[in-house]
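Chain nomenclature is as follows: A, B, C and D, assigned in order of appearance, with residue numbering initiated at 1 for each chain independently.
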Amino acid sequence: MTATDALKARRTLRLPRTAPALRRLGPLGVVAAALLAAVTLTTLLAPVLAPYDPDRPDLFNALAGASPEHLLGGDALGRDVLSRLMWGARTTLSGPLLIIFLSTTIGTTLAITAAWAGGKVDAVVSRLLDVLFAVPGIVFALVAVAVLGPGVPGVVLGLTIAYTPYVARVVRSAALRERQLPYIAAAWVQGRSAVGICVRHLLPNLRPLIIAQSVSALGFAVIDLAAISFLGLGVQPPTADWGLMVKSGLDSATRGQPLEALGAGLLIALVVAAVNVLGDRIGRQEGELR
Amino acid sequence: MTFLLRRLAGLAVVLVVASFLVYGLLYLVPGGPMAFLLGNRSGTPEQIAAIREQYRLDDPFLVRYLAWLGDALQGDFGTSLVYRQDVSALLGARSTTTALLVAYATVVIVAVGVAAGTLAGLRPGRADAVISALASAALAVPTFVIGVLLVIVLALGLGWFPVFGPGEGFLGRLHHLTLPAITLSLGSAAFLARITRASVREELGREHVETARSRGLAERHVVRRHVLRNASIPVVTVTGLTVASLLAGSVVVENVFALDGLGSLFVRAILQRDFAVVQAVVLVLVTAFVLVNLVVDLCCKALDPRLSR
Amino acid sequence: MTLLDVRNLGVAVPAARDWRTLVDGVDLAIGSGEAVGLVGESGSGKSMTARTLLGLTPPGARVTGDIVFDGDSVTGMSRRELRALRARRVAMVFQDPRAHINPVRSVGDFLTEALIAHLGHTPTEAQARATRLLADVGIPDGARRLRQYPHELSGGLLQRVMIAAVLAAEPELVLADEPTTALDVTTQSEVMAILDELRRERGMAMLLITHDLALAAATCDRLSVMYAGRIVETQESTALTATPRHPYTSGLMLSRPSIDTVVDRLPVIPGRPVAAYESGDGCAFEPRCAHAEAHCRDRRPAVQDLAGARVACVRAGELTLQGDTA
Amino acid sequence: MTSLKKSAGPDTVIEAAGLRKEFGPAVAVDDVSLTLERGASLAVVGESGSGKTTLARMLVGLETPTGGTVTVCGRPRKPGRVSSAERRRRAREMQIVFQDPYSSLDKLQRIGAVIETSLDLHFSLTPGERRKRALELLEAVGLSERHASMLPRQLSGGQRQRVAIARAIAVEPQILVLDEAVAALDVSIQAQILNLLADIRERSGIAYVFISHDLAVVHQISDFALVMSGGRVVERGATRALLSAPQEAYTRALRAAVPRPGWKPERRPVG
C-alpha cells in the first residue's frame, strides 16, 4: 500500500534518537551554544574579570577612544566600556529568561487545559487569546510601564502578558492535534485519568515543541527588553545594560566615540543570533521527530 | 458578506474590550487615578479640582468609561496634561509621519522579502545559502541597533543621509524617512524572506506539483501557476502580521531618528504620565493593528477557495 | 507490438552514507493497448517503478538500466523531450486525487490548463472539451463542476476528474498508481469500470499499480508480482491466479480472506514484507518462504521461463502451488 | 442469535437500543440497535460516512450518544461525567483497537511500559508480577521479551498492532471493539492479525465488535453482521447467510463490488 509506504519512508528517515546531543546541534549549533555559555560565564564572573568598577565615573576617560588601559574606551561619564559590557548581560538576559519562563508556564497550562476540556472552556480561552493578539506585544509592555512606572518589573509583566498568547496558541493547536491521536483515546478507554493523560502522555509529546518555541521566543524577548530599555522605559541608569548602552552610546557616537554603541549592539545581535540558531536546530529536530 | 459582518462584529468586540482595559488601567495604579494623574507634579487644590472635573472622577466607573468612550468615538480624547492641547490635535499631524514611515517600510519589506524568499526557495544552492545567511543575520539584530549602526555609518560616517528630523516637502520627507524605513524593514524583510522560502519549498514538494510535472507542463508554468500561487497564501498572512507589528516597531525607530510621530509621542507621554495621550495612542495602534488583520483575512479568503464555505 | 520495454531497471536513493536500493533489476514490457498489473505490498518498489518510467524520481535518485518507449530511450531524454512524452504519450493517475489536484485552482483550471498548453486550445474550446470529458467519465453536469473547487467534490468524483484529465491528453500509455485505494468499494468498482472502458475504447495501454491482486487480475491482461524491488513472477492474469508459480504469489493469494469460503485459520506468510535494500544476497523471499531450501540463500534466483510464466525462483519447476479456486 | 431482537439474557454483553448521534445538523448514527452475546463476533460493515466508526466510539464511551441507551454486561452506561472508579470498571468491560498502528501508541513509551501501565491501572501486582504478566501478554500476541524494551518506531506496523491488542486484552475485558484494526496493514500481515484475533477469541471467550469496510475480512472473522449506510442499519443477520444471499439492494451492490476471480468492474450511473 502506497500510503503506508510513505509513512514508513518518513519514519525510517528519522535521526536516531540516541545520537549525541552535540552532534545533533551541528557545527553552527555548537558555536552558538559555546557563545551563549561564554557570555553567561563572563557575566557571572564579571566581578572578577572586569578590569574596572562598571559604575565608577572617570572624567579623564570620558568619551575616550580605545587605549591600552581602556580597551574599548570610556562612555560619556568616563566609565570603562569593556567592564560595563561584561556586567551588562545580567539584566539583558535575566529579564527575558524570566519572561519566557513565566509565559511558557502560563501559556502551556492554559493551552493544555483548553485543548483537553474543549467546548466552552476552549472557546473562552480562545477568545481571550484573540483579544490579547489584537494588541502588538511591545504595546503591552509600554502600557504596563505607563501604569507601574519605568523599570524592569513593568516590562517583565507586560512582555509576559504579550508572549503568553503566542505560546498558548502554538501549544493549543499542537495539543488539539495530539489529543485526536488514537493513543490518547486508548488511554482514556483504559481508564486513565484526564490529569494522568495530560501529564504522562500529552506533555512529554509536546515538550520538544514547547522547548523549541520558548528558545525562539527568548530571542524576541531579548530584543524587546533591550528595545524598551533603549527607549528609557526598561532597565534604568546607571545600571550597566546593553540596551541602555546602545542608547547612551548613540549620543556618544555623535560626539565621536562609537565603540560603546557598537559593542553593546554587536553583543545583543550575537546573543540573539546564537539563541535563534539553537531554536532553529531544536525546532528542526522536533520536525524530524514528527 | 456575512463573513465580513461577522469579522466587523468581532473587531468591534476586540476594540471595546481593549478600550475598557486601557481605561480601566488608570484605576489599577497604586494610589488610584488621582495619584497617577498628578504623577510627580504637586497639585494645588484648583488643579486637583480641574483634574477631577476633566476625568469626572466623582462619577461611577462605568458612567465615566462610557462617557469617555462616547467622546473617543467622536474623536475627542480629552486634553493632554503636559501639552495643554487637544489630544486629537496632537495625534493628527504625528499619525501622518508614522503612517508614511510604516507605508515606506512595507513597500521595502514586501519587495525585498518576497523577492529574496522566492529566489532562495526556487534555487537551492548558493543563492539560497547567501540569502538564508543574510536573513538570519538581519533577524538577530534588533531594530534599534540597526538604526544606530546606520546612523553611525551612513549618516555620521559617510554623510549620505540626514541624521535626525522629519524633513521638508514630500521628497524631503522621503529622504529623511529612508534610513528609518530601512531600519524598520530589515528584520521584517528577513522574516518574510524566510517564510516565503519555506512556503515555496513546501509547495514545490506537494503532490499536486508532481501531477503538474507528470502532465508535461513547462517548469515555468508549474512554478507560476501552482507553486507561487499556493505559496502566496501563507506569505500574505505573514505580510499582514508583519505590517501590523511595524506599528509597534515604529515606536522604537522614531526614537532612534528623533522623528515626531505617534511612537515618540507615546514614549514621552509614558515618561511624563500623560495618560490621556497614552490611552489615545494605544487605541489608535490597536485599531490600526486590528484593521490590518482584517484586510489580511479578506485577502486570504480571496486567495484560498477552501476558506469560503 | 511492444510499446514500453523496460530492461534491468534499478532505482536507488541517497541515504545517510550510501545508496538505498528501492528497485532492482526490473524487466517489464507492455504492448500497445495491453493492460498490465504490477502487484506488490508496501516497500516492493511498485510505485517507484511507475514514477521512474516518467522520470518522476526523487531528487538525487540514481536510475540504472533502460526504459524504451516506442523505440526512444526515456532515460536518455532531454528535459524538453521528457516534457513532450509526459504531455502527449504517457499519463499518470495518482492514488490520492485530493492531494494530487491543486486545491486552490478550480476543476476547470485543472482540466483545461493542459489542453491550452499542449493542444493549443482556446479557453472556450478547452472548456467545451473539458465538459465533454467529464461526461465521458460519468459526470453529467460538467459545466457546473468546472466552476467548483476540489474540496467541493467527493473523492470518487475527484478521481474521475483525474481520469478525465488523463484522457484529455489521449496518451498511448496510462500509468495508474493505486487509483482506487483511497476510495470505497462501490466507488472503486465504478472508477475501475470507467478507466477500463475508456482505455479500451481509445486503445490505450495501462500499467495498473496495486496491492490488490484480485482487482488487478480482474482488470489486466497480464500480471507481474513484485517483492523487495524485484519482479518475482509474470503471467497472464487467468493463468497466474489459477496456477501461481512463485511461492510468494501463492501465499499472497491464500492469505487474503475470501468472500466465498471461510477457513478456520488463514494460511499465512510469516514475517513482514521487506524493501530491496533490506534483503540479503540470496532470494529476498527466502526468510518467509515455506518452500525455501539452504541453497535459496546463495544467490539471487534468475528469472526463468516456465510454461508461459517468467518466475524468479530456483524451485519453481518442482513446486505445485495452490492458486485461487474459483 | 445475536442479531435478532430479544430480551437481554445473562449472556448478553452489549445491549444497545435506538442509538443516535448528531454532529451539529448532521446525523452520523440514526436509530441503531444491537445486541452482542458473550464470546460472539459481530461485524459492523459500511463504507466511509456510514456511521460505523461513530457507533464504535459511542459503544466504548469516546462519544456521547445524542439519544438511545447502551447496556454493557448488564449495567446501563449513564451519559455525562462519571467517577474514575466507574471509568476503570467500564475499562474492564470493553476495550478498543484502532486502525492506524502508527499513532495508536505513544511514541515515547516503551512497549513493556505500555502493557505495564495498563496492568498497573487495573490490578494490584508487585513490580515482578507485573513484569512477568506483561511478558506473557506480549508472547500471547506473538512478540517476545526483546520487544519490551523497544520504542514503537522500532516495530513494524503489524507488530505495533499486536502491541495495541496486547494492551487491550491486558485488562481482561469482556468485549473488544476493533475499529478497522487490519485495514492499514499489508495483505500478508492482515492474515497474521486475523488469525491472532481468532486464537484470542478461542482461548479467552472474549466478544468482538469488528468494524470494517472489507467484506472478505468480515466474512472470515465474524458470526453476525450489521450493514450500515447513511447512519442506519440496512440489513443484519448471520454473516455467511448475509453475504451469500443478501436481501437488500445496498448489500448486494456492496458484495458485487468486491473483486474476485471472474469479476468485472461495473459502471453505474453517478449518484
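In this section, a residue touches a chain if its C-beta (ideal position, glycine included) is under 8 Å from a C-beta of that chain, and two chains touch if they have at least 3 such contacts.
Going by UniProt, the chains are A, B = ABC transporter permease; C = ABC transporter ATP-binding protein; D = ATP-binding cassette domain-containing protein.
In this text, all values refer to a predicted model and were calculated from it rather than measured experimentally.
S.K.: Consider the two chain pairs A-D and A-B; indicate the one with the greater count of contacting C-beta pairs.
M.R.: Of A-B and A-D, more C-beta pairs in contact link A-B.
S.K.: Could you say which chain's mean Cα position falls nearest to the mean Cα position of the entire protein shown?
M.R.: Taking the mean of all protein C-alpha atoms as reference, the closest chain is A.
S.K.: Looking at C-alpha means, what's the farthest chain from chain A?
M.R.: Farthest from chain A by mean C-alpha position: C.
S.K.: Any idea how many Å lie between the Cα centroids of chain B and chain D?
M.R.: Chain B and chain D have C-alpha centres separated by 54 Å.
S.K.: So what's the Cα centroid distance for chain A and chain C, whole Å?
M.R.: Whole-Å distance between the two chain centres: 51.
S.K.: With chain centres taken as the means of their Cα atoms, state the distance from chain A to chain B in Å.
M.R.: From the centre of chain A to the centre of chain B is 21 Å.
S.K.: Give, as an integer number of Å, the spacing between the C-alpha centres of chain D and chain A.
M.R.: Using C-alpha averages as centres, the distance is 47 Å.
S.K.: Of all the residues in chain B, which ones touch at least 2 other chains?
M.R.: Where chain B is concerned, no single residue meets two or more other chains.
S.K.: Among the residues of chain C, which are close enough to touch at least two other chains?
M.R.: As it turns out, chain C has residues touching two or more other chains at 41-42, 96, 211.
S.K.: Tell me, which residues of chain A touch at least two other chains?
M.R.: 1, 3-4, 8
S.K.: What part of chain C is in contact with chain D in the complex they form?
M.R.: These residues of chain C touch chain D: 41-42, 138-140, 157, 184-194, 196-197, 211-215, 217-219, 241, 251-252, 255-260, 262-270, 272-273, 288, 324, 326.
S.K.: Sort out for me which residues of chain B touch chain A in the complex.
M.R.: Result: residues 10, 13-14, 17-18, 22, 25-26, 28-29, 36, 136-137, 139-145, 148-149, 151-152, 156, 163, 244-245, 247-249, 251-252, 255-256, 266-267, 269-271, 273, 275, 278, 282, 285-286, 289-290, 293 of chain B touch chain A.
S.K.: Residue numbers of chain D touching chain A in their complex, please.
M.R.: Residues of chain D touching chain A: 60-62, 84, 87-88, 90-92, 94-96, 98-100, 102-109, 117-118, 121-122, 151, 153, 157, 164, 167-168, 171, 184-186.
S.K.: Give the list of chain A residues in touch with chain D in this complex.
M.R.: Going by the criterion above, the answer is residues 1, 3-4, 7-8, 11, 14, 17, 181-183, 185-193, 201, 204-205, 289.
S.K.: List the residues on chain D that touch chain C in their complex, please.
M.R.: Per the stated touch rule, the residues are 47-48, 156, 158-159, 186-192, 194-195, 198, 213, 215-217, 219-221, 240, 243, 253-270.
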